[in-house]
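Order of writing sets the chain letters: A, B and C. Residues in each chain are counted from 1.
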Amino acid sequence: MLKAVCIGMLIALLLGLGASRLEVATGESAQPRLSSQTQMCVGCHRSATPGIVSDWTTSRHAQTTPAEAWTKPQLERRISTPLELISPELRTVAVGCFECHSRNIDKHADAFEHFGFRIATVVSPADCQTCHGVEATQYAASKKAHAHDNLLKNPVFTLLMETITQRQRLDEHGQLIAEGSSPSTQHETCLGCHGTRVQAKGLKAVKTAMGTISVPDLEGWPNEGVGRINPDGSLGSCSACHPRHSFSIAVARKPYTCGQCHLDPDVPAWNVFKESKHGNIVFSREREYNWEAVPWAVGRDFQAPSCATCHNSLLVDAEGRPIIERTHDFGSRLWVRLFGVIYAHPQPRDGRTYLIKNRDGLPLPTTFTGEPATEFLLSPQEQQSRQEQFQMVCNACHSRSWIAGHFAKLDQTIAETNQMTLTATLLAARAWEGGLAKGLPGNPFDEEIEQLWIKQWLFYSNSIRYASAMSGAPDYATFKHGWWNLNETLQQMREWLKLRRD
Amino acid sequence: MLKAVCIGMLIALLLGLGASRLEVATGESAQPRLSSQTQMCVGCHRSATPGIVSDWTTSRHAQTTPAEAWTKPQLERRISTPLELISPELRTVAVGCFECHSRNIDKHADAFEHFGFRIATVVSPADCQTCHGVEATQYAASKKAHAHDNLLKNPVFTLLMETITQRQRLDEHGQLIAEGSSPSTQHETCLGCHGTRVQAKGLKAVKTAMGTISVPDLEGWPNEGVGRINPDGSLGSCSACHPRHSFSIAVARKPYTCGQCHLDPDVPAWNVFKESKHGNIVFSREREYNWEAVPWAVGRDFQAPSCATCHNSLLVDAEGRPIIERTHDFGSRLWVRLFGVIYAHPQPRDGRTYLIKNRDGLPLPTTFTGEPATEFLLSPQEQQSRQEQFQMVCNACHSRSWIAGHFAKLDQTIAETNQMTLTATLLAARAWEGGLAKGLPGNPFDEEIEQLWIKQWLFYSNSIRYASAMSGAPDYATFKHGWWNLNETLQQMREWLKLRRD
Amino acid sequence: MLKAVCIGMLIALLLGLGASRLEVATGESAQPRLSSQTQMCVGCHRSATPGIVSDWTTSRHAQTTPAEAWTKPQLERRISTPLELISPELRTVAVGCFECHSRNIDKHADAFEHFGFRIATVVSPADCQTCHGVEATQYAASKKAHAHDNLLKNPVFTLLMETITQRQRLDEHGQLIAEGSSPSTQHETCLGCHGTRVQAKGLKAVKTAMGTISVPDLEGWPNEGVGRINPDGSLGSCSACHPRHSFSIAVARKPYTCGQCHLDPDVPAWNVFKESKHGNIVFSREREYNWEAVPWAVGRDFQAPSCATCHNSLLVDAEGRPIIERTHDFGSRLWVRLFGVIYAHPQPRDGRTYLIKNRDGLPLPTTFTGEPATEFLLSPQEQQSRQEQFQMVCNACHSRSWIAGHFAKLDQTIAETNQMTLTATLLAARAWEGGLAKGLPGNPFDEEIEQLWIKQWLFYSNSIRYASAMSGAPDYATFKHGWWNLNETLQQMREWLKLRRD
């Protein structure tokens, strides 16, 4: 069977399959040359996995070489590693299957022999760094890159995660017995976004249309979480936002992409955006916008922002003057962390939030009563400076007066929701102190009143802050997951305590 | 008044209204001839109900005749009944008002005289079968076609439906008195998707711009549920997915269509899709896709799948080689039923699930403790064979290794969520046994602890399984309607029992 | 610094900046002349706030003069104030920055001097009335225009609002102490949609790229709520639906716009639309529709309706014959108010619902037991007449028989959900009478059982009625926020009472 396949590949080569045979629907005039290895890949995979090949065919990677990419003016450039640092054999061929899947192969624990080539299943940020050095470096410093570790190297968050996803059975006395959460469930819940640890456990045989072949036996795979720990030791997954084989900048700029992970009830950025004026305009005029343009011109290419506009894109005005630089360190434009664990707080200095220690010795950015772990967080001066940067984006479409009113309101909302979290925490503390529930150093996350408490900070306070920050979604802040819920839950906690004390 | 109308129709005919006068925005060169009857219909209805006529004008039905449809190559064909079985007067005219609304008229209890024509209000799958025989036959075998009966011929499900939609009043002693659910409410809740029984109760007079006319007095109308029982005795409604008078294949392929019924909290396929990588790409690139092409080419016409892609469309690769056949028996590619009633289980062998009997004598695919009614469900071998078929679709864009990892995870998730349902069931059983609630043979669906139990299997376990199956939506499986909720509800059930026992 | 700015403006003028330099992507042949003042504005603001200028450039305002607008045939016209009532200096220039921001300036408490011009920050409906007189007059009569007052001049609704958005702290005895809600939180919750009172508190200095300048210090700003009280005393905000500076009719017609405020859980019009057949078709075919056409032709410009179609647009059939007139009094086509406060009831006669008094002397359209405040509400005859008007829209695409079946079902649903609200109210009354909770004349909205009661009418009954009215969204009416929830909550109220009485 394998022999037949190899003959198939040979025929493909003899037929001259390659760049000239790929139909590309982009209107760019000349197709770049494919490397001989990529021609071999395509020769079989256009039958074996036709969707992958077709998807890649629509990509810029299929239509440009690194050398050509470097001929663009600086603001239009998507490549950042200096050409002289890119190995010569890559410079003048299209970025094809082999170019990426064979990169840094000696570092890949998932490397394997595949029809005469040594390739890896997982292409990592360290591989993309070959051409996109600035982006990879920025990303490596972000909280996103450390999203796996920020859960699993932080014992408090690990306990929270394992409590939420645990299996339970009933014993012979009718008692609930917790049985922990499985790697499989962690994979498709928390680590679906945070990223799994992908580990190669030798090879396994799989049946394909081309016969039985050996491929790496991978644990934690498939996964595209932003903090994925790759078999080469690198962190992250570029395809979380530039999915599959088209590596589209347009897809990364569309809010649907961010919406896969930043959504309700815990991080309702997507939900709030949808209900905001920004979202209203984007969805109404989406098809008129130019989602591909680099740089991205406010007013000319779009009239209202998507997530990427404010958080990471390179923006210019309609006449091409720069407004703000591109960044792939996604928190770097932010001064405050709305996502309350358990209180909103200044952004951490370091992407590795598991390094934080608060005054109680816990790896949390605040204490349970809200005191910030100041030395690990931005100073007021740094916050101020970041906010001024950010407002450059707002100012493209809003007056200074508008902006000032908006952010003053956000500050007030942060203070009020933090206060409501404190009230809920003090009610939970009454249960802990009264022996009605067991808090720290035990598990403060598994009993009924604790679940009420968690919803206050993880769902409702968070939602209100996101709604405030995006100047929209009043219903979110009110009834959906907002003040209604904050007050309803306080009442439920009060009644819970009352019933059990009487 | 009626006389004036008839004169209007005459004038319309004299003016030569017909095919040549219909503006069609499709670019197909020649308009087919309209039958003389349809010309009469259009003559009045372009004023009476202009939206219907305009909508139909955009349809393929208005632009093709059955004879022309049969000239297409096999894979491009949308007609399946052999031309010689289609009556001669239909073959060379467009598929217009009269062609459909007069079909099999003697079988239609909703037939009536309308300005000289005998027509029916409801066009049924038996009428569409005239030209679409293969699709109608496949559909008739599906669970969809039997969706009404699967609720109403199953006493357990009927009880569940009636309990959920019941009215309640307070008697003079402050006791809640259940008063059953009304046909009207059943119509717009469960039967909105499952389909009503449409019954003709003679004629009634309605005022129209053309005077008072007699039309059938229909019970259970309007309705487009997939298991609708039609006045001709047939089952289903093609316009559930090919809505109104454009009968568009594009609309049926868009996820918005499936999303009308397959949505949260009980069947959150649409919600999970939206948050999955497939959904992310589809929504981001929707306008670039060719939603009309038959056959539908992976990679060429689209890069990521909608619901129809995996579940029923005819797919080819970019070079036209078939990947999988079209089916209108919508469960026929599936091996497992994620929708837990009350446990996930192998797909039933027969679309009429009300025929199932489990070991306890109930018409359910499993017992309350999860034992499957094996003889009514697919065998492991049949499951295996269906899964291999289905993976042909995945394999168009994913490697075998990716697919294996994905489905192994799904198997584990089915086992874990079934285990969590069992734990909840055993807690409910403690209430039943302790006399704190009344279970079978009474109503196990109407008390507070029973409502907690129902949410475990109908909302949360289901949601987690859908999230797993579509390899996306980690937030769904975690916080939205996922493991968080499973564990929160178990705790609530435990506290409920504790408070009432002490 | 200011000197430099003025020089910049001078240079701009000398360079002849103006209409001919604005790139407009609309294909209309000739650009209208800009007033000299607007040329000055644009000269600086194309750098200062480039997004605003670019957005306006895409607008019809930038491309037409009032005089040209009046040359259109009546049905195509978007201007309604007779040309002779529009001041001569406005008639033949484009509608630019200065034309709107300097309108009626003496009435504007937010007026200020800005680089030699006296302008206002907030452009109000009274300013838009200059050209759009009919629309402004209609709007002023609507419930929308009075949305702020309808909350804040109604003491019952004010109490509800303040209870829902209140802060709470824990005192030294562990008691929850309510601390009222802040203006800031009211601004971004209820008043986000209902509208704030915008008040000018003198001037403040803001730093801009052009130096420190003085701008009005505005309270309640930014806000685009429909009932905003403007610094000129007028009510409302046109940019709630025609956002920012493109003033697009297309955006106002898209359902995303209405969806910012009319959404779940209290007013789930948007959510129900999304899951309805209308929504399904609109989202599937959105890009094929002509969202700009005036008048809007059923069948030709679109095949399924968005919110605006049924509620306020001017509609014609495909041949241009009028179906229904445009209105900006948004409730004026409606006969029944589904939004239950606390029961569904006939539409109020007057947009100022705070003027209503029910038999118990409360400013509510019904009593707590459902008796309508008849004299303030439409009579059955008026209801009938409005419904017949409304059905003209339905009839464009649906037969009379279909329509009759649909609205009969809605009537039944209103009766049933009102009955369920009564049942819940009587249960709450048992708590009030038994001293388990404090009702009127105290706060009937702040205790646990009262919160359960509120959800019955504000979330679930409302949702069921919207689902019924839009003939779709069966899942909404069942499980999402429907009959399941109504019955679940009744059971919770019953158990709440039982536990506390025993």
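Please note the rule applied: a contact is a pair of C-beta atoms (placed from the backbone, for glycine too) under 8 Å apart; a residue touches a chain by one contact, two chains touch by 3 or more.
Keep in mind the model is a prediction, meaning the values are calculated, not measured.
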{"item": "Copy-to-copy rotation for subunit A and subunit C - C-alpha atoms, rounded to a multiple of 5°", "value": "120"}
{"item": "Copies subunit B and subunit A - interface residue numbers shared by over half, same or different", "value": "different"}
{"item": "Euclidean distance of C-alpha centroids - subunit A vs subunit B, Å", "value": "35"}
{"item": "Residues within subunit A bordering two or more other chains", "value": "287, 499"}
{"item": "Footprint of subunit A on subunit B - complex, ascending", "value": "275-277, 279-281, 283-285, 287, 298-300, 303-304, 317-319, 321, 395-402, 404-406, 409, 412-413, 416, 419-420, 422-423, 426-427, 430, 467-468, 471-475, 477-480, 482-484, 487-488, 490-492, 494-495, 497, 499"}
{"item": "For the subunit B and subunit C complex, residues of the former touching the latter", "value": "23, 46-55, 57-58, 121, 163-170, 174, 176, 181-182, 184-185, 187-193, 204, 206-208, 215-216, 218, 221-222, 224, 243-244, 246, 248, 250-251, 254, 256-257, 259-261, 263-266, 287, 446-448, 451, 458-459, 499-500"}
